[in-house]
Every structure is written in structure tokens, then in C-alpha cells.
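Input: one structure, supplied below.
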Amino acid sequence: MTEQHLQAGPLPSGMQLHDDGRLRHLLTIEGLPRELLVEIMDTAESFVSVQAKTVKKVPLLRGKTIVNLFFEPSTRTRTTFELAAKRLSADVLNINIATSATTKGESLLDTLRNIEAMFCDMFIVRHADSGAAHFIARHVAPHVSVLNAGDGSHAHPTQAMLDMFTIRRHKGDFTRLKVAIVGDVLHSRVARSQIHALNILNTAEVRVIAPRTLLPADVEKLGVHVFNDMDEGLHDVDVVIMLRLQKERMQSALLPSAHEYFQLYGLTNERLKAAREDAIVMHPGPANRGVEIASDVADGSRSVILEQVSNGIAIRMAIMSMVTGAAQ
Amino acid sequence: MTEQHLQAGPLPSGMQLHDDGRLRHLLTIEGLPRELLVEIMDTAESFVSVQAKTVKKVPLLRGKTIVNLFFEPSTRTRTTFELAAKRLSADVLNINIATSATTKGESLLDTLRNIEAMFCDMFIVRHADSGAAHFIARHVAPHVSVLNAGDGSHAHPTQAMLDMFTIRRHKGDFTRLKVAIVGDVLHSRVARSQIHALNILNTAEVRVIAPRTLLPADVEKLGVHVFNDMDEGLHDVDVVIMLRLQKERMQSALLPSAHEYFQLYGLTNERLKAAREDAIVMHPGPANRGVEIASDVADGSRSVILEQVSNGIAIRMAIMSMVTGAAQ
Amino acid sequence: MTEQHLQAGPLPSGMQLHDDGRLRHLLTIEGLPRELLVEIMDTAESFVSVQAKTVKKVPLLRGKTIVNLFFEPSTRTRTTFELAAKRLSADVLNINIATSATTKGESLLDTLRNIEAMFCDMFIVRHADSGAAHFIARHVAPHVSVLNAGDGSHAHPTQAMLDMFTIRRHKGDFTRLKVAIVGDVLHSRVARSQIHALNILNTAEVRVIAPRTLLPADVEKLGVHVFNDMDEGLHDVDVVIMLRLQKERMQSALLPSAHEYFQLYGLTNERLKAAREDAIVMHPGPANRGVEIASDVADGSRSVILEQVSNGIAIRMAIMSMVTGAAQ
């Protein structure tokens, strides 16, 4: 699969919905209607209670086959989807493409057609290239749904939805919230998806805080206020979303040392005082303690990082049951 | 496990059957009675309908444990067996022997005895050496069945059975069919198993089409008509089965370049005109497009390649339920 | 995770039990009450019959999630836990830490917190460092149980319990038994756990037989009689437990050659004559045939090696259902 393949043709966000507006694929948050985001969160709410039960399992997807199609390894992400699928009673297949079919020279499309022909119902796609999930969604059979589990620096919609769900459970109404996203926005698929989701949900103010080198050129067009200074940016916010700093960025001279980065953009309790007293702190994990976030903040009373993980299972159960038409 | 081990003793095809004629192991097609092949296909027919249902699952093998014992990696094959087992509600264990027990110097036989002692019911065996599945079947406990998922260049009986099933669903009666197998017959376990199956089913004429370097010395003894010319060989056939060309063969000087091979033995729409108008085109996958088959043929209206994949699940469900005595 | 981390703080064996005495974690045999060991064996007895059934599955742990957290690979051990969990109808996640999260610099503790937050119920921990399972148990949430599946040269309690169970099924009352453990006691977590279990169960006499180089300095303090001579040590014993000889030890000059070792400490039928006529022979597997045990002994009528494997599933089902409060 070449970049050319992936970029070929437009990426109509409408392809994510059935004609009647129901969710078919989840590839990107961009372009989705507000009601759908709310429906996802409402559905997830019903699965939160399932997780608290002794028997954490419902038979909604019994007899369905869900395939984790991972073109780059990610145990964390794979695990959350696998757990969500199993708790819906689906059968799960883990296929690591890098180490299998492509070594036989089989093309991606042939692989897809093959797995489809085995009557699989859903592909969870993780890929290092932006647009990979779209490419796959554009070519799958009518009975197959595709969920994007992260494609390059493009999108990570389930992560964004679990973040929205976590914010809603703590803060309720988005229209009165100030939310700051801090860190490497430029390379972050998570940030991109979060910004779209926050704006669709009519968040009062979405801010990004980062050095210029870690911001996209036209970042304001995404509908955010830009801050290069941490203390200014955190002033009076209700939610602080920290991004993970990829170590590779530091080596590529986009960044000073980890120590210097922490001095300027690391989240400490001291710095957090600029935010509202009841502000919550989020991070998609795994956190680089002492680089983008101080350990006592990550483990502190305002941190909802582990709730994000828990909510991630409920959100994925919700999306899986919605695309298969099984949601209650 | 040495070659000596594998070759020790004869390979009585009778060891595949219980005394009352029911299937116990499936190691090779050779020597199986015609009625059994028909029974496998009839049983598979009942599972085709299961796959079309919303809940693609039957409880036939609930509480049974099926072990994928793969001595060489094959995601495609492993996946089809795993899916078939899960749709029968069996528990599945994937064990990759190359990367585990043998690194501790444990012998194959000790590994087998161990897995057996865990009350497993079925071994799906994939091995690079011919005879490996036979060797294992000869040593397993009475309660264990062995299915050969490909052993060296020897046999691949489930692939052959899904091919027969696909042919029957399209063409019905084998006794009136001309079938051509095209390509590297010499190294193909698939071809060997197909030839046995077609002859047992009394196919009117079985042809092989290949350059002399890719045919076994005594290939006629298998009961086939040999053609070295593609157009002659395809004349008037009802079924064209293309074989996958292993790239390694080309490097080993058995073959000219991929381009030249395609000129002589590649299946094109032009060449396909020699076959009957309603001829179907098959390929075990993954196809080398532009080497043994043109893309527009692989994706064309006569191709049943993806049906083969679908039928592969039903055939494996049938064989698994037959050897465990669970078939309806 | 540094050694310092692992060693920090005492390892109170009491942390394995709930306040009411029920089992919460199984980290080490040391310090457990006799009644609990008997309860584990009694519970396992009920699962032996499950394994003999056509449907080898009970719904005791339906809706529970069990995570195989393997920091070093061990297909054998992972397989037995996975099978036990599946036969209890639990969902199983296999996570190989070496190849996943740590490559992103995530700390062990963060990984644990994350998996916990996904509402997992049990961690099966395998680690090359002694104390790893204790470390994890000390930090997990109240709803999570930890089973030690082998930590360095420290403990392997489920292996010891399946050995006790196997002895009890053959010999009944421990208080009249002489048991000899033969081989590399120094490096064996299995031996350490066996010695504790045998003493807790009031075994009449526990012996270790090994060259001085393969015995801990203060081995007598463990409550064993020490023999350096095989024939003396085996005299009149009811049970012979052979240990696996790690090849690495031989290279590190702790040992003479494999051949010489076999001459001195290998178990042969000739040597076995010193033991009682009805003595049983055990080995945790995989055996080095011709190094610590002769093939005809391993496969002989007194060997219960494969029974140990079978009993291992029942014992693990018992422990899993006890820690989750699901045991019948």
C-alpha cells in the first residue's frame, strides 16, 4: 500500500454513516453530527454499569467476528478493543499484518477480501499511515464495519470519544467548558480528533498550548485558541488534556531536551494552580513522567487518567454495538 | 524431529478412519473412500447456512479444546481453522512451536504428550516437513484427532476438500467435468491433494499444465493428463485451478523470469477463451497477480477465489465436527 | 522495574489471604496454613471429573477477565493457565510485556494500573526476577488477584500444588511418606515451593539429593535431609521428584558434563531399585532425557509425569475459582 493509494480520492465523512444516519464506520470524528457523538456517549453510559457487575459480559454480539487488523503493534490499544469485543460476547481474531501475509507478497486488498470472505463483521484497523482506515473502509463489503484505531498522525476517534465521555461524566455540559490541549499537537492524531469532537460538542473554548515547532501551520483553522505560554494557556480552564511527547521528536531537533521541555510545558501542581480549582487532568497514556507531566499530578486527585482507560472499554463497546446495529 | 523420524514406517491411509469407517484424522486425501468425501461436502453444506445467519455460531463443539500446532507460520491457514473452531464454540489454543518449547530442547513427542495430557481434543498441524502430521497422528492418544493443515510438499487435504466443495456447488456432478490444474505441480501439496480428490470423485478428466521442470517425474501415475502448452491444456475444460508460484522457485533457476512465466503459463482472459464458456477459475491464494494470473481474471466474473475462502470455513467446520463425532 | 523495587519491603505471606482466611493471591507456598493447601487439593478433585466429560467446561468464571502477564516467554505455563481459565469460561488476555508497553518506556506500575482499570480480575504473572509477583500483588487494586506463575529462582506455587495433588492421589497420607527431590535445588523455584508444601503437609521426611554446588548454603534450614549420593538418598523413598537441569548451569562450570552428571545423578531403572517398590517418579517437565532422567524411566510404569500435567489444569482451575470466590 503506497501513500498514493491512501491519498487517492476524497475522504467523504459521509461514508461513515448509513443512509438513515446510523453509524457504519468510525474513521474520523470530523464531520460527524453532534447527535451521533451524544448517542455514542449515551450508549457507553449503559455499558459502564455492565463493567461493575460480577459477570461483565452481555450477549449483544454473540456470533459476530471482530478482527483486530494491526499493521503496527500496539498492545494497549489492541487490548482495549479485544476486551470490549469479548465483553460483548463476540469472537475476536488478532491479525498482525506486518508479520504475516505481506511477507508472501499478498496485497492489502487481497488480504481484506480474504478476511471478509470468512464472514467477519468488523475490522479494527491500526496503521502507521494516515488514511489507511479510510482506504480500507472504502473497499470493504457492505456487511463489514471499520473502526479506526489510529492511523498515522491523522485520527484516533475512539480515543477522542472516550475523552469526551470522561469529560462529560465529570463536567456535564460542554458549552460552558474551557479545555486546553497541551503538547505535541503537530504529530498527534489524538489531539486532532479531540479538537474536532470538542468543537462538534460546542465546547465554549478549545485551546492548544505548545511551542510553535509542535503546532501545525494553520492550527487556528481547526477552531482553537493558540497559546505558547503554559501559564497563560492554563488560566481558568476546566479540563487539561496532556499529550504524550514522542521521544523521536526530541532527537529530531524539533525540541530541546526533555528536561528543558518539562521546564516550559510539563504539567506540575504549581502550574496547575492557573486552572480552575476543580479542573481535571487527562492523558491518553502512557505518560512520560517528568517529561510532559509530573508524577504527582499524574497520580494526583485531579487526574482522571485511569478513568479514561475504564471509559475506553465502555466507549468501544458502545461503538461496536452501534455499528453492528446491536446497541440497546 | 528428523526426516528419519518422519519417514519411519508406512503411512497407512487406513489410520485415518475408525473401525466403523468414520473419520478420525484427516492427513491426506489419498486412499479415502468416495462416500467420505461426499459426506464431508454434505456436512459442509449445512454449515454454509450457519455463516449467513446473524449469529454465526453453533454449540456443536462446546467444551472441546482445539490446538493450532503450527511449526511454520501461516496466518491465513491458522485463521481459517481458528474461525471454524470458534464458530463451533470450541476453545482454541494457538501454539507456535518454533518459538517456544523447542528452544528448551523439548522433543516434539514430549510436547505432544504434554498437550494431550491437558485433555485437548484436536491438533491442527502445519509443518514444513512432509509426513509430520502422519507422525503426530501415529503417536497421539485415542481421544485426539489430527488434521493436516499442510505438510511440506506432501498434502493439504482441507484445501483440496474446500476446492471440491466449491466445484460441486458450481458444477454438480464430477463425472462429466474436465479440470485443469496449472502451474508448479512439483512443489504443490495443494495440487497433490486435489488430484487425489478429483480422481476419487471420478472426475471425467484431470489435467495438469506446467513446464516440465515443474512436474514430478512420474506425474502420469497420479492419474492425470499432462500438457506443457497452456492453450491445449485449457481446451474445453470446466474448471481451471491455478497454483501459486513460489518466488523461491524462480530464483533457483527452475524457472525463467516472472514475466516470461506469465507469457507462457499466466492465466489471462484471452487464454481463458480456450476453456468452456461457463468455466470457473480457482486459486488457493494468495495469488501472485501478473505472475500466474492476470488481475482482471482473478477479480473477474468467472473467478470463484473468494467463494473458496468462504467455503473453507464451512469445510473445516464439517471436518472438525465429523472427527469429534459431533456432526449433525 | 529494578531489583531494588522488587526487594523493597518485607514479603508478608499474610498478604496472600483475606482477613477471613480465604485465598486472595497465590504468590508463594511459604507461610500458608495446612488447611488451605488441603482445600486447594479438595477443590481440584472436583475439577478432575470435569476434564473427563465431553463438555470440559463449567461457567464458574463467566464474565471474569484473566490476564496472562508474561515478562518472560513460557508457552507451557501460559498454556496451562489459559486452558484452566477457558474451562472456567473466563475471558483470557495474553499480554507479553517484553515486546509491548515497555518499548514505549511505560513503567510496570503504569501498565498494571491500566490493565486494572479495564476491570480485569486476575493477573497470572511470570517474571525472570524473584519477587516480581509479590511486587505486583502489593500494588494491585482490591478487586484483583495475583497468581505467581514462576518468578526467578524464588517460587512456582501452582507447580508445587499440582505436585502435592499428584502425590496425594497416589499415596494419600503425607505423614507417612519419604519424598526425595533430586537435582539443581539451588536454582529451582519449583524445589523451593515443593519443600515448603511438603513440610506444611507434614511429610514424614523430605530429602534433597544433589552435588554440593547445586544446593543452597543453608539448605538444611528449609527442613530437609541432604544427600550428595544418589543411592543413599533414594533408599526407601515413596516419591522421587526429579528437577530439570538448566543447560546454562553446565556451561557456567557449576557442573561437569551432561554425561558425567547423568552418571552421578541421572535417574535410571537400576538406581530406582533403591526406592520403595511402589515409588512414583515425578518431573515438572520438560525433561532432559539422558541428562537428569533416563528415557525408559520417564516413560516407564512408575512415571506420573503426564498425570502431573493433567492435574496441573485441575489445580489451576481450583486456585482460580478460590481466589475469585467462585469455588463450589
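Order as written gives the chain letters A, B and C; numbering starts at 1 within each chain.
Definition applied: contacts are C-beta pairs under 8 Å (C-beta built on N, C-alpha and C of every residue); 3 or more make two chains touch, one makes a residue touch a chain.
Keep in mind the model is a prediction, meaning the values are calculated, not measured.
Although chain A and chain C share one sequence, what matters here is the overlap of their interface residues, and that overlap falls short of half of the numbers used. Fitting chain A to chain B on C-alpha positions gives a rotation angle of 120 degrees, to the nearest 5. Once the centre of each chain is set as its mean CA position, chain A and chain C turn out to be 41 Å apart.
Within chain B, contacts with two or more other chains are made by no residue at all. Those residues of chain B that touch chain A in the complex are listed here as 51, 53-57, 73, 75-76, 79-80, 82-83, 86-87, 247, 285-289, 306-307, 309-310, 312-313. For chain A in complex with chain B, the touching residues are 62-65, 91, 93, 95-96, 99-101, 104-107, 110-111, 113-119.
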